[in-house]
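Two complexes follow with subunit A in common, the first pairing it with subunit B and the second with subunit C.
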Partner chain A sequence: MATIQEKISKLFPAATFEQADTLQITIPDAQLQSLARTLRDDADLAFDFLVTIVGMDWKDSLGCIYYLASSTHANTLAIKVSTTDRENPMLHSVSEVWTIAEIFEREVYDFFGIVFIGNKDMRRLFLNIDWVGYPLRKDYDTNPDLNPVSIENERQSDGTDMYLENAEGKIEKKHRLIFEKDDFVVNIGPQHPATHGVLRFRTAVDGETIKKIDVYMGYIHRGVEKLCEDLTYPQTLHFMDRLDYFAAHNYHHGLCLCIEKAAGIEVPRRAQVIRVIMDELSRIASHCLFIGTFCMDLGATTMLFYALRVREQILDIMDKTCGARMTFNYDVIGGVMADLDENFVADVKALLAVLPKNIKEYNKIFTGNVITKNRMEGVGVLSKADAIDYSVTGPSGRASGWACDGRKTHPYSIYSELDFEQVVMEEGDSMARFKCRMKEIEESARIIEQLIDNIPAGDICAKVPKVLKLPVGKWFQMVEGCRGVFAVYLESDGSTKPYRLKIAPPCLPLAAVVDHITSGNKIADLITIGGSLDYIVPDMDR
Partner chain B sequence: MEVTTKSMPYEAWKDNEYIEKLVQELQENGTNVIVGTFDKLINWGRSNSIWPLTFATSCCGIEFVSLGAARFDMARFGWEVARASPRQADFMMVAGTIVNRMVPVFRRLYDQLAEPKYVIACGGCAISGGPFRKSYHVAKGIGDIVPVDVFVPGCPPRPEAMIYGIMQLSRKIKVEKFFGGVNRQERNQKFFEDHPMD
Partner chain C sequence: MFDFSNVTGWIHDLLSSFMADWLVVVTECVLIGLGLLLAYALLALFYIYFERKVCAAFQCRLGPNRVGPFGLLQSFADMFKILIKELISLKHTDKLLFALAPYLVIAASMLAFAVLPWGKGLQIIDFNIGIFFLIAVSSIGVLGILLAGWSSNNKFTLIGALRSGAQMVSYELSIGLSVITMVAFAGTMSVTGIVEAQSECWFIFSGHIPAIIAFIIYMIAGTAETNRGPFDLPEAESELTAGYHTEYSGIHFGFFYLAEYLNLFIVAGVATLLFFGGWMPLHIPGWEGFNDVMNYIPTPIWFIGKAVVLSFVIIWFKWTFPRLRIDQLLALEWKYLLPINLFNLVLMVLVIVYGLHGPVCPVIE
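After this line comes the complex of A and B, so read on.
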């Protein structure tokens, strides 16, 4: 880390450094773009993966924290930029350096009202065009009369404002149309069985070929980040179940790790092992449901029944231990909520015994099928460079050849002790994304096999103070959800409630890449490509 | 009159008073012998083939998928024909949170359902806003937006609870007046007059 600091302080004398759990560089806004470019392009630094942009309101100033990671090394880095102008906050955009920043910056604009100079799309992301106020600002007026629930269709604009800097350094406002004047735009969603939730695509087509897709989200934006600011730390955990409901255990695990890191709580070994087993079980269940719904999108309804059979078996195991089929609330700060069911080990072993047979069956029915091959092979190819540029992690990123498994790149809990392969494929098409998940089921089963006979005895939860207060500071934690890297950023002002809890879901980049990945494909392939990306809408909308 | 469905014993049902009130209303109003017989026949058919609209916004929707799969198999009850178009569906299982941006879409879907139409509010979010009630961007229950027939609590409700909920709806359909009753669009007019929005 010291070398990074030395290198940057030489190039950017204005930068100041702060060592939290991640090295944080504070830089004046004017130098942000050149710093970003250096960080990405320098061979030693190579921070090419923008994990998230955390919008912040520090009351006296507004700003952003950019969390960076790399596809080649395991370092992480944060850049902090701020502005004291609350009326007309403006920062420079980094969307030319990392393409995914375009949508991340739109999110920050939506929540904090910070305008990004140079971003081509400055529309609100989740909220209506007429929404009054910026909800994540600390001085946001929560009066429901300002933004009433209305049955009138929302006002929409076909264009967006752009803020560009001219040669003299002046900011000019320009209007730009999202689609070209004579584009034929078809609306798909939000109520559509194949969009996997309430997501809407405005699709410009040329005959049957897709020209451009404008992803329109916010139909299930529930304001979880704002809600968390009014709740105590143990209470915030419950929302993690309801983001990506297939990766409930993994998300809980992520936030728990972050809070435990902040509070300095040591988790007992038994709880760590149980958490990892649960994570992997939910990964298998999640991928099974993916196989089912994806095949159903392609018209193979029978596969849904086959795939859900395994999922039901896993849900039974979870039901016995956690007491619920879906929203478990099982991981708590310091460990897990309840001890394992007495039949847990036997049930999991029974599952592991039938799993290989089932996977063989899926492959026999579906993977080798000629229709499947024609519809999936070579369709929706995402190159490795684009996957990194768009921060597409998880099985979708690994299918493009990017080894981005958070369990390997930034090991947490006991993953570094375990023997498993990171499934990486080269093709980057829909078929690769499908096969990658199939193989990951086997790898998850391998992890569980290693652990199931060696669950140590002991406590299931560490001693945690009844009223949990975190010291002043900030923490960042990445875990591997079922669909990619899930990150949480936590900032505490020393009270029992988080000052800011930013949830960086893996599904937002998955939706953002749809436009890039589908353009030039046929409109019928939109369903296959969208299905193979496997995004969860409540996760991206939060 | 004991109203039951799928060979469930009458005592096993909850909320029998509600159904008895409906039966009483039906009997008080009186009906023509022929029309009444047709009513019974049609309601028997209707109550055994309620087609849902494929509509889900979040977690509850996944339990609804489980409901369609082999284990819970809603095909046993005649509900498996999930339609993607509201024009072909009988009821709407509102599975998941309804947020401000979704409200106009949701209302339009409801309006597009062909009469007679029913709504089941499934899960805490649809009933009251659930865990997200205090949020700035969540409708506090769908009861203010459309008339709701059955509430199924849970977060999410187990598939068994959903089955029970739809069976309750099926019971309700059995004691309705089909001719000159449920088909009338005026039926919902009063609700919308009582619940003006903006």
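After this line comes the complex of A and C, so read on.
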């Protein structure tokens, strides 16, 4: 870390440094773009993975924190930029350095009203275009009269404003149309069988060929981050079930780790083992559902039922221990909510016994099929460089050859002690994404096998004060969800409630990359590609 | 074998004994129409139940089992539901074409019913170009689908209809060519003639390799022609919600639904006719005793039984394979099936010319 600091301070004397759990560089807005470029391009730094952009309102100023990681080394870094102008806050865009920033910056614009100079799309991301106010600002007026529930048809804009800096450094406002005038635009979604939730693709097609896709999200936006600011820390946890509802344990785990790190709580060994087993069970269940729904998207309805059999078995195991099948609310600060069911070990072993047989069956029915191969091989190829550029993590990123498994790159809990492989494939097409998940099921089973006989006795939860107050500070935690890297940023002002809780879901980049890898393909390929990316809409919308 | 023309002849004589000639024709038409509608409805109900049970078996489920014994009345309940559902009228549609489309689709499949050989002497019209007529009328269906997609004024239906047009027109070629192959083998276009020609041995056995190739191609093209998976692109539910019939409701939707199942039966029925002897019982040359036993099974049971077995194969396709993409679908037809088919026709001609085939009864015109 010291070397990074020395290097940056030499190049950018204006930068100041602050060491929290992540080194944070504060830089004036004017130098942001050149710093970003240096961080990405310098061979020693190589921060090519933009994890998230955290919009912030520090009351006296507005700003952003950019969290960076790397595809080649394990360092993380944060850049802080702020502006004191609350009326017309403007910052420079980094979308030319990391393409995914385009959509991250739209989110910040939506919630904080910060305009990004140079971003080609400055529409709201989640809220309606006529929404009044910027909800995550601390002075936001929550009066419902300002934003009544509309019974009119949803209004939408066909164009966007963009703010560009000209040669003299002056900022010009320009208008740009999303689609060309005579494009034939088909609305796929928000109510559509293959969008896996209420996601909307405005798809310009030329016959059956896709020209451009405009992803329109926010139909299931619930303002989780805003809600969390009014809740105590234990209360914020249950929202994690409602993001990626197919694999809630991992998200719970992430937020718990972040809060525990902040509060300095040591989690008992038994609880850690249980958490990891639950995470991996969730991963198997989630990937099974992926296999089922994906095959159904391709028209092979029968596979859904074969895949659901295994998932049902896992949900039954969860049900016995957690008391729920989807919204478990099982991980709590300091450990887990309840001890394991008495049949847990036997049930899990029964599951492990049938898994290999099932996977073999899936491959027999589906993977080897010639139609399947034609539909998936070479369809929606995402190169490794693009995967990093678009922050596409998880199985989708690994299928493109990017070893981005958070369990390996930034080990947490007891993952560093476990023996498992990170599944990385090279092709980057839909078939690779599918096979990658198949293999991950096997790896997860391997992890569970190592742990299931060695669950240590002891407490399931550490002693945690009834009223939990975190010290002033900020923390950042990444975990590997089932669909990619799930990151939490937590800033505390010393009270019982978070000052800011930013959730960085893996599905937002997955949806953002759809346009890039579908253009030029057929409509049917959009379904294949969308299915193989396996995004979950409540996760991206929050 | 019982000849059903005795029954129909008796009815005709009975009616003629007290009616004028023109009235006899009218009465007979009405009777046949009623019989056809009844058979149509019953077959559709049976197929809905059959497909559900088969699909359930493939998917490790039970299928309908609540309404009536073994869920037998489930499809009656569904049919009744669809009959009493509201027909939602839509703005901005072409009202006439929108209403006309489902009738065109259903009329096409009903007309095709007319030439199917249900049993010995049990056929509505039997004339010398029966097969030709069948191919001609079954093409009307695509018109209905195109109209449905166009008149709905919806982008999904339009894409579905365009896909359907491209698909059906292409696959009709394959159907036509594989039918021609078998017609060449039988030496007649008359449906009865084709069945009689198989009285010693079904064409699939006597027709040598070209008959088997023609059969495989016919089954693939027939599945595509009925818009069933893996060729269900016009109504690919994960892409186009419901394709060309997205905007239809109530019984209008029901017509499309029925026509799909009936077309399944027709495709299977024609395959039965061309390759498995129609209503002709299984005869093995030389096994006289066996052949006599087979003759005791009534001919309609032979026909319907064979058709149901073949439709089971088509249903099997649907619940096993994923869907093709439109370009792959067209490539399959134009790059593979069509050349193979043309080659197969030549092969069949050679087989006929050099007499390499098994026993075929000479057709007496």
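The rule we apply is simple: the second predicted complex is superposed on the first by the 542 of 542 C-alpha atoms of A that agree within 3 Å, B and C clash if a C-alpha of one lies under 4 Å from a C-alpha of the other, contacts with A are read in each partner's own complex, and residues count from 1 in each chain.
The criterion applied here is as follows: contacts are C-beta pairs under 8 Å (C-beta built on N, C-alpha and C of every residue); 3 or more make two chains touch, one makes a residue touch a chain.
Predicted, not measured: the structure shown is a model, and the values here were computed from it.
Asks: Let me test your reading of the model: by the given contact rule, A:His221 touches which partner, first (subunit B), second (subunit C), both or neither?
Replies: A:His221 contacts subunit B only, not subunit C.
Asks: Name the contact category of A:Ile452: first (subunit B only), second (subunit C only), both, or neither.
Replies: Neither: A:Ile452 stays clear of subunit B and subunit C.
Asks: According to the contact criterion defined above, which of subunit B and subunit C contacts more residues of subunit A?
Replies: Touching more residues of subunit A than the other partner does is B.
Asks: According to the stated criteria, A:Ala46 is in contact with first (subunit B), second (subunit C), both, or neither; which is it?
Replies: A:Ala46 sits against neither subunit B nor subunit C.
Asks: What is the contact status of A:Asn374 with respect to subunit B (first) and subunit C (second): first, second, both, or neither?
Replies: second
Asks: Using the touch definition from the top, say if A:Val464 reaches subunit B (first), subunit C (second), both or neither.
Replies: neither
Asks: Touch check for A:Phe305: first (subunit B), second (subunit C), both, or neither?
Replies: Both subunit B and subunit C are touched by A:Phe305.
Asks: Does the superposition put A:Pro193 against subunit B (first), subunit C (second), both, or neither?
Replies: After superposing on A, A:Pro193 lies in contact with both subunit B and subunit C.
Asks: Mind working out whether A:Thr327 is in touch with subunit B, subunit C, both or neither, as first, second, both or neither?
Replies: In the superposition, A:Thr327 touches subunit B alone.
Asks: Once the structures are superposed on A, label A:Asp230 by its partner contacts, choosing first (subunit B), second (subunit C), both or neither.
Replies: The answer is first: A:Asp230 touches subunit B but not subunit C.
Asks: Just which bits of subunit A does subunit B share with subunit C as contact spots?
Replies: 192-193, 304-305, 309
Asks: Show which residues of subunit C lie in contact with subunit A when the two form their complex.
Replies: For this pair, the touching residues of subunit C are 55, 58-61, 155-156, 159, 163, 229-230, 232-233, 236-241, 319-328.
Asks: Which stretch or stretches of subunit A touch subunit B in the complex?
Replies: 126-128, 135, 140, 142, 144, 147-154, 190-193, 197-198, 218-224, 226-227, 230, 238-239, 241-242, 245-246, 289, 292-293, 304-305, 308-309, 311-312, 325-327, 537-538
Asks: Under the definition above, what is the set of subunit B residues touching subunit A in their complex?
Replies: 54-59, 61-63, 65-66, 68-71, 84, 96-97, 99-105, 107-109, 131-132, 134-139, 144-145, 155-156, 158, 197-198
Asks: For the complex, which residues does subunit A have touching subunit C?
Replies: By the definition above, subunit A touches subunit C via 184, 186-187, 192-194, 205, 208, 295-302, 304-306, 309, 365-366, 369, 371-372, 374-375, 522-527.
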